[in-house]
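A, B, C and D are the chain letters, set down in written order, and residue numbers restart from 1 in every chain.
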């Protein structure tokens, strides 16, 4: 079973080189996230003001920032946090959204409509008002940024899961499962959810990138991750201040890292859909 | 009128009211009111290190043709100009002046608290002698009384017009004046979009300027451009004439290019500091405060946050161990010295260090964030673990007011920068501006006494004493006075650093 | 008379898949004469549709003609490009597709869709095209055609959609019409009407028609010549009569045998060679239940009302003894599925009671019924085999699932044995067990569904049209399987279908439903031979039978 | 046809009614949220030099903060019932007036951005779907990813840097219109339309020029989801039976792709576009800031940072109402575009 999955994945990757590249990219990011601290040339938080704002050179591949910290090292260290933010924010909203959405879609009726209304309320709520409130009420910790982002994404997952489950709830195999003695609860969790996963993979992959961008946006309005923690979004936001003075490396490199990450996630998401979908297996 | 006759001034915040007395009014509104309204008197100007700055000690007449201070210092008599007219054409009378000053000290507006610092507290103090003369009586001679009348708040309003719009609930027409100007100033408000822009038109009959002429620019556009980098671009491309509040890095680069005129004036009435709450452990221990004073990487902070643009208040050498003079703010003999810091920590009984949070205001992020990172890094070396906290404006001010922040950076400004004023307002009492929450009866007593000290030498001596105490107690750590960087088209002349830290449009002209 | 219109010569069509190229058609040769109606039959996946697509140049991007020629009026269709191709499509030959509703653009008024087709091939004004479209609607006997011009497909019934489809296909008077299973989605009564219409139009306009179907009865009724396809080749081609009376190829034999007739019995549905084995099973006498044993299932005044609207099922009562088989028939929407789902306790009845083996289960909420010990005694086989298997479960998982849930078995050898036993019982090759549903054919899926349902030895098996989507040869296998299960394991069968031939063969008794109520019931053969109501009679009459006798004779 | 439209209208009306509780929820939730925020607006606004306890108390009274929270809520709700959204401390203006002045700016920007995004995304999605798995398809995917990999404010700053600062092609990014241009009579509030109505083409062009950069930087961000959904639904409809029917009768390529496939594929795109529109409207604060655009979002952000309750409450209410309206519009569009909808 697992070896079949593996073989299948390899097949998908071979048929779609872009997915393979993306998979390699994501692997690289994960490796960086794990081993980053051992491979960086400089300590990412130690300042050296006399070397501030140096353009890229052999010593500092991506230049230095306002405090003379090595941008390259910061980029690498940031991978861990950014992946964590992205994965946890999307993870939370996906898990909650998929479960709530599936149950609503399956149950239908009044509960479903009530949740639908509630989701409308959430969708109507501007992100930054919410993020601000969260951060203000609970402090600007990474968890809060993650939660705020997760809450914002939640409605999409709920809607999506709801719609997907709704079309499947009376399908033969669902009733068959119930005839086999599954309760409603396990029908949703063990039968319907896994089946809507491939379709959700795409949404997830898009959101992974957005989660990081959200963090960047929040830090632009001053609600981001605490300094001096390196984080791509914040580095971009801070670097943006130096665009007009020609210190392009401060925004270009973090932007590039962000872009590659988003790109890899997106491409991989498309691939994941194919890998997860048993229909694509032969 | 042509583009050359128009001044386009871009700024980060925006004018939000036409009456600066309204709570919440911005610095931009202050500046605006300076040219839409006249006051009885105005500050003169002087050169400081080759830059023009306002002069607290020279008070010149504005609406007052002349003024007299009685020998006992208890009576100020102002004689109004005969030709002064409000923008609706009616003459400015002593009645208007009295109404305006009365409003300032009685209405629930910002002027009240300010004028208090000049012993101006009640409407009884203002007396109309004749249509062109008004007399102000003081309970005590107060050297800040006269300067207070030159500040933003006691502007002279056309009382007839204002009264027409007063209501029973609002006898001082605050609501109406928020959106309408009824003054005698150099400029008339042509259009006002709160939060966006204000367009001013020159009042041709106004002649209170430097050379009895109307203001130079026929039109002034004050526009809000929140993004500092964009402001820099605008002035560099010649689309804006004058910009303040740029990022230090942008100013540095614009200065480097040499195409524009950059006038950097240290804000000599402003200070940036790191404050510690003297009531919250472990900062209630003076040795902890001292340890921190020696553990801050001043030079790096100055360079990274301000690009060296300002005048430092650290690193003085006091050969005799005493302050050089009695002026506040002053340079203190503190510098980065981790060994000394460790010693102090040991003396405080905390050789292993401790943990705390360092807060700053989101609005100040561009300078405060690098600072905070450096503070964290440096204090980490002596075992103090610092958690950095970024707070939105309102929360920061609330927490400061409630005295809940242990360790943070802030900046202060005083319109009327005299030593006793600073010490009284920023180092005494259980009030908001006492950032460090220091409670030292001696210091308070000396400062209070100095307030009414007429003798210059004695005053100086009191100042020295206070400064020495400041260094000894180290309630908070003064870092620097940031520069006010005004970047302008090369053709702009006459820029003066004003007490309200904005441009007075009447000052500037085009070559 | 014998003017050759289309000649397909050694056609090869291949699809590129991840397993490399897959040949769907391998050396097919066929000719069609002008004005004739040719039947193309064969089991599912034999390449009938692909042949049609290759002829009309509608293959997917993945498919390619790898060899052979398709000569239409002497011109090789496979080599046409651009305008020539467009001129061919629609104007010279056109195609009618299987699912009429899906084949029409859902958001375009049907009048416009017909006009679109006309306008592509004729330089006439829009109004003229509309007028012509209206004529076509009349020609396909759509009632009130003026009003229907502005209707959307969803506002029409399946049969009407199929007529519109026919109208589009004939809009430019093509010389050749390929009808790919034109009636599969329709119910029996409509099926006949549509086919008659198609035949009339083809005759009136002199169009040659290829009728693709896997229903031999249908082909026999309308076509003189029938070609039988198996795995990408024509294996036999003959007149209908010859084909039925003397099938030569083994596959054809099987096909002919499996097609039920008015008189066929289940044991007849296999070829002679296989019949022996089955006969022994059938010959075993069935134990009559002792007199006085309570019925296995008793349904009393069952009713179901959905959120809004009238009752889907009303006042439905029946009893069933153990090992008995009861058929439930009726037109589409008559409440067959609803009834069976209520009996299976998958939905709650609005009224009435269900008593199983003496216990009332009608009042146990379906939400809680999964905990009932009777759960394993009532199992169901679902309508559409394609939808009844979890796409993420292998065949093994599917069959193992009830065993683990209801029999409390754990993964291991014992389970494996049981699953394999079940698979064998339903005739499912064991090497298919690790496959996912999409890797199985319809018949295989149906067998997995049955294996799952019988895995934990239920006493009542409810089957909701288990063979509707299967072709006859597979259907025969499934029917025999069910019959055997009933005889061997004494399982009671509630068999839902609208195919009366099948019901007649399999069921002892039949209940006829209409609009949720019982119209008629009784012993199967008696009921069909002698229907008491018009409704039943109409149902019976609409069944296409292979009537090798008079119809063909009349046609000849 | 008329019955279809009528049914759509009835459905729309019902939908409008059913979203009222949601709006009410938003109202109460925002209100409570604002009270939970630790910032005390009175302290913030009393921050003039020397503002003391008295001033703070005074402002608190002015803002009605001296009352208990439930009382405040009741007042707040009754105010809103009377169409009074309170007064902003920050601008000193009634919130309703502020929002009314700023909303057209935001709407104009968002509409333009959405338009640009759709114009770019739909063709991209279509060409990607026409050749799935090809180089073109991957190229489109790459392009879309480029759009979502940079935060809007960074792309905004870059656009300004390049088009205004370096090339001088764009006008100065200081709001909706050059300060030296005189404004047309306000009719719709959309400058580009008002100028046209006033017949002032120079002004119209000036307004459009101001609009392009911010709209583009917003659009870049949403091209990806729109293009993806277009591609996906286009794939579905290209593979559907009715397209095959269309091809079988020899309809022209254009007719097949545009009239048959795209018209069907566009339906989910409409839904997504509606969602995108409302999120953009609420989330374009960054772009508004960067381009000094006097819109509602930046207004609300400033208010939020200074704990100015009334504007934030007003803003959220506005957003929620707009969201409802947009959904309604989408529904109506859907009902018109898809005849199947009106029957259920």
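Points to keep in mind about this one:
We adopt the following convention: contacts are C-beta pairs under 8 Å (C-beta built on N, C-alpha and C of every residue); 3 or more make two chains touch, one makes a residue touch a chain.
Just so it is clear, the model here is predicted, and its values are computed rather than measured.
In this structure, the chain pairs B-D and C-D differ in their number of contacting C-beta pairs, and the larger number is found at B-D. Separation between the centroids of subunit B and subunit D, computed from CA atoms only, is 39 Å. Each chain gets a centre from the mean of its Cα atoms; for subunit C and subunit D, those two points are 50 Å apart. The mean-CA centres of subunit A and subunit D are about 24 angstrom from one another, to the nearest whole unit.
Spacing of subunit A relative to subunit B, judged by their CA centroids, is 45 angstrom. Shared interface positions of subunit C, i.e. residues touching 2 or more other chains, are not present. Touching of two or more other chains is recorded for residues 229-230, 233, 362-363, 392, 395 of subunit B.
Multi-chain contact residues of subunit A (touching two or more other chains) are listed as 132, 136, 221-222, 240, 243-244. In this structure, the chains touch in the following pairs: A-B, A-C, A-D, B-D, C-D. Looking at the complex, you find that subunit D touches subunit A at residues 18-19, 21-22, 25-26, 29-30, 33-34, 36-39, 133, 138, 141-142, 144-146, 148-154, 157-158, 161, 165, 224-225, 228, 275, 278-279, 282-283, 285-286, 289, 297, 300-301, 304-305, 312, 315-316, 319-320, 322-324, 327.
Across the complex, subunit D meets subunit B through its residues 37-41, 43-56, 58-59, 62, 89-93, 98, 101, 157, 160-161, 164-165, 168, 172-175, 179-180, 289-292, 294, 298-299, 302, 304-308. Residues of subunit C touching subunit D in their complex: 56, 58, 85-91, 94-95, 97-99, 102-108, 116-117, 120-121, 150, 152, 154-155, 165, 168-169, 171-172. If you check the complex, the residues on subunit B that touch subunit A are 228-230, 232-233, 247, 249-250, 252-253, 297, 299-300, 303-304, 362-363, 365-366, 369-370, 372-374, 376-377, 387-390, 392, 395. Looking at the complex, you find that subunit D touches subunit C at residues 1, 240-242, 244-252, 255, 259-260, 263-264, 267, 337-340, 343.
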